[in-house]
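Shared between the two complexes below is chain A, which has chain B as its partner in the first and chain C in the second.
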Partner chain A sequence: MSVKKITKSDFAGFVSALIQRESVIGVQAKGDRFDFAPLESAKDLRLDYDVTLQPPKKYLLPPMEVLLTYEVGGAYQSQIDDKKFILLGVHPYDVVAINQMDELFSQDNYDAHYMTRRQNATIIACDVARSSDHVFASSMGAAVVREGYDILLTDIGDSYLMEAATAKGNELLALAKGAVEADPAALRRREDIWTHNRKSLNKHELKCDPAYLPRLLAKAYKHPVWEERAKTCFNCGSCNQVCPTCYCFNVQDDVNWDLQTGQRTRAWDGCLLEGFTKVAPNHEFRKNRADRFRHRLYRKAAYVPQKIHGQIACVGCGRCVGACLPDIANPVSVYNRLIDDLGIG
Partner chain B sequence: MAKPKIAIFDFACCEGCQLQIVNLEEEILSLLGGADVVEWREAMSEKSDEYDIALIEGSITRLEDEERLLLIRGRAKVLIALGACATIGGINKLKNNFDDLDEVKKCVYGRAASKPHLHTGFTKAIDEVVQVDYYVHGCPIDRKEFTYIVRSLLMGKTPEIPDFPVCVECKAKGNPCLWQYDQVCLGPIIRAGCGARCPSNGFRCFGCRGYTSNPNVDAAKDVITRYGLSVDDLKTKMVLFGSKQEPTIYE
Partner chain C sequence: MCQCCAEKKDIYLPQLATVADISQMNVTEKYLRLSMDDGMFDFLPGQFVEVSIAGIGEAPITISSSPTQKGGFELVVRKIGNVSGAIHNLRKGSKLGIRGPLGKGIYPVDQAKGKNLVFICGGLGLVPQRSFINYVLDNRSEYGDVAILQGTKNYDMRLFASEIDAWSKRGDVQMLETLDEGHLAWKGHVGVVTKLIRKVQTDLKSAEILVCGPPVMYKFVLMALEEYDVPHTHIHLNLERKMKCGVGKCGHCQINSTYVCMDGPVFRYSDLATLPEAI
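Showing the complex of A and B:
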């Protein structure tokens, strides 16, 4: 598909046209940080952001959602959210995370709640223009992405390059007044940015190819690092709550005051949390902090990869590193420690 | 099946948690549809000695209060502690930090300190006197959580109360960590369920819902060191709702 080039002022017009057309969720300032939020005006869009507080995941898998309404002992009605929306400004590592969630939610029990939102979402990705304090997407091979979006934007200085990857993306690009075919110099500039990002989004450098991590973890289950790190773990689940690839949830029923009807909700859960593994009758099978600490890092690089053709379920966004108060969550620091002790191969 | 009878009793407190029930406004009618409220001093004049569910607000500071509470426990099938004063002793436990309560009284009430109604002892949470079946945490209680707990009990279900830290709800709301903005927030060791209301509005967590059942004291010590603070700095933040509660942090 062709690549368009658009000046920044024409781009603002394009964003306004998108806002007129449908609901747009775009990256905006939140205090001195950034986050995704409903975009009301093109001038609020901040594609120069480093990282958002929350990944865009919450628009596909909300922190809390009603799955169905029911009558006690009777019929139930699934609740499907089928509004169309545009996610604007998604960084490559977050696109990779969404691609992984798409696979996970469409396999085994097909999740109509997630998948309907996903099918109604248009993803306008955006190459990273400014690296965050803890990004290590380069180490995880997620600094640049070439699939999973409808449009990819790249800031090349005075203009953006816009590449549509789907029919939906092409249709939207038709709204971009003033866009012209990208010239070879602009395309070379984009290649340079990709080359740069593939190397430089790497504040924490993994000492191995991520593809090696499952084999590394296969021999690390009893390593002392789990106990050592978990000693200062609050089990606050901040690492889970800001993670673009954590998708575990808890399901609860709440009955209405008539005690006849009610709703079943699901809310984000987290493997670090006390009670995450509690089953009837009050048995908790991962009761130790260290076991829960280990579990998250095994999920990312050993268990989930088995479900998604070997892809590592950590995309290097670095949000957990910044969110962890005792600074123990950094996956790279744990994996590197294991490499130091256990070697590669 | 007859509607369960509910009675609401208050002890040492500001009665703000009862006020939260009053503030349910139209939803009170739904509550009354599912249960008979037979005693509730703040909202009605009737009294009763027969009830299934007793809601206890406030903490215990006098012997006669202990006796009254024991009587209520004996009559109620289910007893629920309502709000921080009842669940953890709350702000009332500040005075437990002092050895000489007469001195405390003089300091607070001056010449009025000898009045008979001020003749109180150390503060106890409700479960220091009688067995508590369910806890509605917070100062004040969260109305949504309160109604959820009542509905669960009316259905014969055990309500699910979070036993994880406030950070869970705070991060899910997309808040940046207040520690990074120079606030000594107690979120990492305090029980969630409030929806991280204070941190979401820019104020550190004061700890009104009490500690999680397994707070990590080592982690707390590590973090205060990391941020160049002392154990005392942390303790001064914990004293408002955390006085004479576990966990004790030693130097």
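Showing the complex of A and C:
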């Protein structure tokens, strides 16, 4: 695929053209932080962001969505959201997370709700221009991504490089007025940025290759670190809530005021929350905080990897590190502690 | 089904079923016979369905009847939560939603042919086991010895008493039943179900042993079976977990790396050895 170069002022025109064309969800400032939100004007777009409060996951797997509607005593009707939209400014680690979710929601039993939304989404990724306080994507091999997006943007100073990876991406690039073929110097600049990001997005450094983590955890189940950390856990589920690879959900029914119709919704759930495994009458299978705390980190680096060809389901965005009030959620510090105690090999 | 049709299908969409029969079995359990409105329903013993009551929600319930029995399928539901409470309010002719059959069902359906079978059930544990028991009895010549051990809390909680009576009179089934608490009308064994294990006439070591009951029962049954050196590959346990989607997505039923909805709900004991959360 060819790589285009576009000046920053022409790029603003491109973003305006995208907004004219379809719904665009882009990164914007929210107080002194950043978040994905519907983009109304190109000037609100902030591709110089460090990390967003929430991953873009919420536009593919909304915090709450209607799965089906029903009439009491009557048939159920699927409700599939099929609106087209563009996710603009997705960092590589979040692209990796979306790629993993695509695999998880399409394998075995095809989830038409997630997958329809995913197929209608155009992903315009963007290389990280500024590292956040807790990012460790370099450690997880997710600092740079070369698949799973439609267009990849790279800020090379006075202009952006734009690489389309799909037909959908190419079609949108045709809207970019003023874009020219990228010169070799610009491409070298992009290579330099990738080389830099592969090393520098690493505020917490994992002491092993992430591929080793399943083997590490295989011998760490009874390690005291789970109990030690969980002692100060609030069971708040913030680590689940901000995670780009957490996808557990609850399902519940609501009845409308007419008492005749209603909807079945799914909403994010979190394995750290009390009640996640509770069945009637009041029996909880993962009752101890330490068991729930351990489950999250095992899911990321031992259980989910079995479903996604060995990939670790932690992409190093660092959001959980920043969201955790008692400061126990950092996966790198837990894994490093295990490496210190149990060794590698 | 071709891939494109499979992809269009909504895995969360229940199909309508009608209550063909419903009756109270004891204080807490109701029996239901359901028929799918589109008439289509094939399942294996040990599989379960997600039962939908519009406005209340869904609950996973294992099918109690055998696939050899035609004319719908049967469930037994204990009134214990919101959905099960609403199921108890259904009447003959009521509509409800069904997703399924889900899960893998019982592994030894085919593998157990020619082998001796021992069913160990505690209380409501008889309900899911009954599917395979009747499947075996309907294909009796294909299996070896059959022993059924049933332990129930008290006389009033007994389930399928007339069916148990019929099994015990067959002559080709060793039916052993016990109550935790004695009763004036009860002439049989009194005590926990594990006490019956030594009365089984079949060689336990070579039999396929299927266990279903409350979690506490599993520990004692497994301890008792250890005395007979039963290989762990021959022991099959039916596990319960919280379940929402039933199709391997929502994460609630996970036992370590395993999903009860996808890989169970019946597991070989040997497969649970690597799953510390299982029992």
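Following the convention adopted for this analysis, the second predicted complex is superposed on the first by the 344 of 345 C-alpha atoms of A that agree within 3 Å, B and C clash if a C-alpha of one lies under 4 Å from a C-alpha of the other, contacts with A are read in each partner's own complex, and residues count from 1 in each chain.
One rule holds in what follows: contacts are C-beta pairs under 8 Å (C-beta built on N, C-alpha and C of every residue); 3 or more make two chains touch, one makes a residue touch a chain.
Everything numeric here is computed off the predicted structure, so don't read it as measured data.
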item	value
Room on chain A for both chain B and chain C (clash or fit)	fit
Which of chain B and chain C A:N109 touches, first, second, both or neither	second
Partner chain(s) touched by A:Y303 [first = chain B, second = chain C, both, neither]	second
Contacts of A:K30 with chain B and chain C, given as first, second, both or neither	first
Partner chain(s) touched by A:Q252 [first = chain B, second = chain C, both, neither]	both
Chain A residues touched - chain C or chain B, whichever exceeds	C
Touched partner set for A:F285, first chain B, second chain C, both or neither	second
Which superposed partner A:F234 touches (first chain B, second chain C, both, neither)	first
C-alpha centroid angle, chain C to chain B via chain A, nearest 10°	70
A:P331 touches, of chain B and chain C: first, second, both or neither?	neither
Distance in angstrom between the closest Cα atoms of chain C and chain B, superposition on A	5
Where chain A meets both chain C and chain B, residue numbers	252, 254-255
Parts of chain A lying in touch with chain B, wherever the complex brings them together	30-31, 33, 35, 53-54, 58, 63, 231-238, 241-242, 252, 254-259, 268, 270, 273-275, 289, 323, 325-327
Parts of chain B lying in touch with chain A, wherever the complex brings them together	27, 30-31, 33-34, 147-148, 151-152, 154-155, 160, 163-165, 167-168, 171-177, 179, 187-189, 212-216, 218-220, 222-223, 226
Chain A contact footprint on chain C (complex, rising order)	6-14, 16, 52-58, 80-82, 84, 94-95, 97, 215, 240-242, 244-245, 247-252, 254-257, 262, 276-277
Residue ranges of chain A in contact with chain C within the complex	67-68, 70-76, 78, 80, 104-105, 108-113, 115, 221, 247-255, 262, 264, 266, 269, 271, 276-281, 283, 285-286, 291, 295, 298-299, 302-303, 306
